[in-house]
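For reference, the structure is listed below as C-alpha cells.
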Amino acid sequence: MTGYEVQSYARLRENLAQRDRSLREKVMSLSEAASFVQDGMTVGVGGSTMSRTPMAMLWELIRQSRKHLTVARCIVSTDGDLLVGSGVADEIVTSWFAQGILWGLSKVMRHHVESGEKRFQEWSHMAIGMRFRAGAMGVPFMPIRSMLGSDVLRLRPEAKEIDCPFTGEKLLLVPALNPDVALIHVQRCDAYGNAQIDGLQFMDIDLAMAANSVILTTERIVSNDQVRRAPDQTKIPFFCVDAVVETPYGAAPHECYGLYEPMMRHMESYVARVNADPVRGMRDYLDRYVLGPKSWPEFLALIGMEEVLEATSRGRSIYND
Amino acid sequence: MTETLRYTTSEMLAILAARQLKDGQVVFAGVGVPLLAATLAQRLRCPGLTILFEGGVIGAFVEPGKLPPSTNDQRCTKRANMVLGSAEVLLLLQRGYVDVGFMGGAQIDQYGNLNSSFIGDPAAPKTRLPGTGGGNDISSLTNMIVAMKHEKRRFVEKVDFVTSPGFLRGRRSRAESGLVAGGMFRVITELAIFGFDDDSRRMTVLALNPGVNREEVQDNTGFPLDFHDRVAVTEPPSNHELETLRLLDPERLFIA
Amino acid sequence: MTGYEVQSYARLRENLAQRDRSLREKVMSLSEAASFVQDGMTVGVGGSTMSRTPMAMLWELIRQSRKHLTVARCIVSTDGDLLVGSGVADEIVTSWFAQGILWGLSKVMRHHVESGEKRFQEWSHMAIGMRFRAGAMGVPFMPIRSMLGSDVLRLRPEAKEIDCPFTGEKLLLVPALNPDVALIHVQRCDAYGNAQIDGLQFMDIDLAMAANSVILTTERIVSNDQVRRAPDQTKIPFFCVDAVVETPYGAAPHECYGLYEPMMRHMESYVARVNADPVRGMRDYLDRYVLGPKSWPEFLALIGMEEVLEATSRGRSIYND
Amino acid sequence: MTETLRYTTSEMLAILAARQLKDGQVVFAGVGVPLLAATLAQRLRCPGLTILFEGGVIGAFVEPGKLPPSTNDQRCTKRANMVLGSAEVLLLLQRGYVDVGFMGGAQIDQYGNLNSSFIGDPAAPKTRLPGTGGGNDISSLTNMIVAMKHEKRRFVEKVDFVTSPGFLRGRRSRAESGLVAGGMFRVITELAIFGFDDDSRRMTVLALNPGVNREEVQDNTGFPLDFHDRVAVTEPPSNHELETLRLLDPERLFIA
C-alpha cells in the first residue's frame, strides 16, 4: 500500500530517471494501456465525483480483473462502487465516497467497508490535494491548517502535527502521495500526450506530475501542430505521460466538460440495481455492462443512443450562450 | 394563514439562512439549501455577494430553474467569474478570502461539531457515512452556517465522530488545537436559530421560529440547551422572500 | 522590512478580513492606484526580466517619490535600476539583477549595492517562487531541495534547514513572502479585476494571492460578460484585486506577451546612458523620461511612434503562424 | 585548415557541448551557447530531445535565425509544446523530469562550484554580480554541463562564493549537504573537456581539444589539474556540424 509511505527522494528520482521522457508517440489501445496498472499498485484517479472520471480505463481494469489496488481520488462516486464491488480495489483513499449528491449513501461502499473487507481511508478534500501537490513538487510533505483537532486526523497517523519553526503556530504536515499510476481523462491531447483540459481541472495537473506513470484517455487526439499553436493551453506536458488512448465518451456514464453531462437514466438504473442488493445487483451490473460488451462502443450502445445524444446536447450547451 | 404564506421546511431553512448573509461577503456554499439561500440573499439584499463551489468555481451565476445538482459538475461553472483547480479553491479558505462556509449537517453536538463519517464506533461502525469532502476544510478555516433538520438523533451531546470541527470541547479548545480562525457561527433549523456562547462555546438559542416554544426545541434536542438572555422570535418568511425563492427552484428540487 | 518576517496567520487573516472583497468596480487612475503603495512597504512586482513589467506603475511611484520600499521580483532588470537609482527602493529581493542578458552587469546596481547604500537580497529563482507560493497558500513556509550547501543559503538566515520528519532527508524551509502590495500588468481584465494573462505567467498568480493588496494595470478593460464566457481563462480572481488601471503599453519599454516586444532602441540608449554614469546618467534619464512627461502616453511619445509600432508588430507576430 | 573548417571559440564550445547530449533527454538550457548546442544536437542526432526554458517553456522549437535573446521573453514560447509558470518549470527539476542542466559560467573551481554573485568578499565585494537566477536550482537538482571560456581567473581553486553548487568541498560533501541528485557532469572550454572524479570529485581532464597540450590547459588553470588515465583528443568540429550550427545563427549573435 504505497499510499501509506512517503517515497524517498532517491527512489522518486530513480523511478523518473527510468522513464522514457523523449518526444515520442504513445498511442495505444485500452487493453495495452491497462498493462501499466499491476496488482497491488496505488492508482490515482483524475476528475472528481461524476466529472471526467476515466471510466473506460476503470472498466478495462475490471475486465482484466486487476487485484489489490489502492485507489486515490479527491471525491469518489459510482467509480468507487465499481472498484470495490468488482474486487479490483482493496482500499479507497478519498475525502468523500457516496453515489453522488442525488442518491447519497452508497450501499455498495457500506456493504464492503462496514464488513471490514475493504478500506475507506478518509482525508479532508484539501489534504488529498496537498498530498498530490507535495508529490508533484518532489517534496515529502505539504503544510496545511485543516484537519487539526478533528477525528479525521485522529484516524490518520500518516500525518504529522508540528509547531511552525517560523511562527510557532500548530500546523499539519500531510505526506506526499506519489501514485504508481495516474488515470486521467481529458478532452484532447496530441499523440505525444500534451493534454488540454477544458473547464474544471480538479487536481489532475498535480496528480499527473506526482504519479510515477500516467495513462491518458482522451476524447480525441489532435495534431502536435495544433498544441504548439496555443502552448499556454497545454495543462499536462507530454513527458509525464506514458500512454495515450483515444476513447470517445471515455467518462460515460459520468460527464466530460463541454462535451456531455452525466447519463442520468443509466446512473439511476445502476443505483436502483446495486442498492437493492449490493452483491448480486453489482454482479448483474458488471456482467451486463462491463464484462458483457466486446468493446467500449458496445458499452455505450447499451447505455443507448438516445441517452448519449441527450447527455451530449446538455454537455455542449455550456457553450451555447 | 393565507395560501401564499404556507411554506416547506426547506423553504423556511433557506429563507432564514439567507437572512444571515451580508452584502459583499464571499460564501463557500454546498448545493441544495445552502446554494439556494446564498442565491436568495444575492437576489434580495446582497448583489455584491460571491458564491464559491468546492469543484473549483468563483462567482457562479445561478440561473433560475438551472440549479446545479452537485458542486463538481459543469453546470456550476456556467457564467462564473473564474474556474480553477479544486485544491486552489479550498486554499482560498486557508488564505482567508472566504467569509462564510455554508452547508447542511447530518449530526451536530453542543459545541457545533459535525459528523458525516460514522454512526457508532468508527472501529466497527453501525453506518459508514460518505465522509468529510471539503467539510473539514471549510469548518476548520472559516465561519460556518449550518442549515439542518431538527431531530433529537441529529442534535446530540457528543457526536460519534468529529468530521468537521466546531468548537471541539468548548472554551478555547478549538484555538488550542491550531484552528485560530473561523468557527461555528449559526445553526438554522425549522425550530430555531442557534449561536454559540463566546466563552463556553455551547450551542445557544438566539431566536425561536414563529409558533415554536422553548420546550419544543429542548424536547427535540439531545442535550440541555442554553437560551440567550433575550430570545427573539423570528419573522416568518415574507411573501417576497417565498416568491423569489420559488422562482429560483421552480421544479422544487430542493425546496420541496 | 516586512520581506524579512513571516507574518503570523492571525495577522494575515485580519488583513484579509479588512479588505473589501465584494463584486465591485475598482477602475482608477495611475496616481490614485499609487496611493496603495506607502513608504516603507514591501512591494511584489509581477512579470519577469523584461516581460510584463508593470512599468507604468513603477514610473508613477517614482514620480510620486515613494521611499524605503523593499521590492521583491523573481528576476529584475532595468526596472530594478530605476527603483534603486531613483531612490524609491532600499532593497531588492530577487534571484537575478542585471540590465538584461544582452547587456549583462548593471552599473546602476553595482554603484548602489557595492557602496552598501542599497541592498540586493539574493534567493534562488525557485525559492522566490516558493516564498510567494507559501504566502498564496496561507502557510508560513514551503519545503524545497535547492540552495542547500551553497553560499546563497549561508547569506539567508531567514530560511531554515530541517531533517524531514517523514524521510529524514535534509530539506530547506523558505519563509512565506506576503507583500503589502503586488503590482501586476496583464493583457486584459474586467472592471472588477478578473484578469486574463496570455502566454508566460511567471509567478503572478501566486504573487496576487500572497499580497495583502493588488494593483492591476491592464492593456484593456473588457466586460465582465466576456470574462464569464470563458471562466477557465481567468487567472486572477476579482476579490484579490484592489485597483484596476487601464494602461495601454503599460509595460513599455519592456514587452507584453502577444502585444509588443521590448523597445530595444530605447533600452539600448537607456543602458548606454546609465552605464556611462550610473548617477548623472540615471538623473538625466529620470528627468527626461519619468519626471518630464505629463502622462504615460507622453512618455510613450518620447520612445517614439516608430519604435512603438515596430515593437507592436514583433509582439503580435507570435500569433502569425 | 580549409576555409570551412575555421571556427570561433563559441562555435567550438557549442559543437563539443552538443556532442555531450543524448537523444530523448530533457535539457534545461540557458540562452546563447547552451541553447545553440541543445538545438544543434536536436538537428544532428537527437530528434527526441526536449528543451526547457526558465521563463516557463517546455519543448521550445527554435527556428533558424530566430534565436530568443533571453529565457523570459515571448520568443521562447514560439511553437512550444507547453507554456507554464516559472515556479512550475523549476519544480520539474526538483521532481526529477530533467536530465541535464546546461549553462555558461563566470567563475568555476576544482569541485565544479560556480560563482555568479560576488567577486571578492561578499561582505564588501569588489564586484556585485547579477546572482544565481535559476542557476542554483538547476545545479542543485540535476546533472550539469557548463560551457565557458578558459581563463586562469575563471578557473580558480576555490570560488569567492558558491552560487551554484558543484561538488562543494568534494568527496561526499554534496550529498551530505542534502543534494542527493545531480552534480557537475562536464565542463567544456576552448581548450579541453573536463569531468569530475567519482571519489575525489575534483575536476579531471577527459579530453584535449585539437592542437592543445596538457601544459597549455594547466597554465590557464588556477589549480593543479588531474588528468584521466587515458586523455583523449577531441575530434575537431566537422563540416556538417559547423554548417548546421551556422544555419541556426545566421546573424552570428551567439557564435561570433
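A few points about this structure:
So that you can tell them apart, the chains are marked A, B, C and D in the order they are listed, and the count of residues begins at 1 in each.
The rule is simple: contacts are C-beta pairs under 8 Å (C-beta built on N, C-alpha and C of every residue); 3 or more make two chains touch, one makes a residue touch a chain.
Bear in mind the structure is a predicted one, so any value in this text is a computation, not a measurement.
Any chain touching chain A that also touches chain B appears here: C. Counting C-beta pairs in contact across B-C and across C-D shows that the higher total falls to C-D. In this assembly, B is the chain whose CA centroid lies farthest from the centroid of chain D. Averaged C-alpha coordinates give centres for chain B and chain D that are 59 Å from one another.
If you average the CA atoms of chain A and of chain C, the two centres end up 38 Å from each other.
Taking each chain's centre as the mean of its C-alpha atoms, chain B lies 40 Å from chain C.
One simple way to say how far apart two chains are is to compare their mean CA positions; for chain C and chain D this gives 29 Å. Across the assembly, chain D contributes 57, 77, 79, 83-84, 91, 94, 180 as residues in contact with two or more other chains. Along chain C, residues 9, 138-139, 144-145, 169, 171, 199-201, 232, 321 each make contact with two or more other chains.
Under the contact rule defined at the top, the touching pairs of chains are A-B, A-C, A-D, B-C, C-D. Residue ranges on chain B touching chain C, taken from their complex, read 23-26, 47-50, 57-59, 61, 77, 79-84, 91, 94-97, 99, 180-181.
Within the complex formed with chain D, the chain A residues making contact are 9-10, 12-13, 16-17, 20-24, 136-139, 192, 194, 209, 224, 227-228, 231-232, 234, 237-240.
Interface residues of chain A, counted against chain B in their complex, comprise 48-51, 74-75, 94-98, 100-102, 104-106, 109-110, 113-114, 116, 120, 122, 124-127, 129-130, 132-133, 144-152, 155, 161, 169-172, 199-203, 205-206, 255, 257-258, 261-262, 315, 318, 321. Across the complex, chain A is touched by residues 6, 8-9, 138-145, 160, 162, 164-167, 169, 171, 173, 175-176, 198-201, 229, 232, 321 of chain C. Listed in rising order, the residues of chain B touching chain A in the complex are 31-32, 54-57, 69-79, 83-87, 90-91, 93-94, 117, 122, 124-125, 127-137, 140-141, 161-165, 168, 173-174, 177-180.
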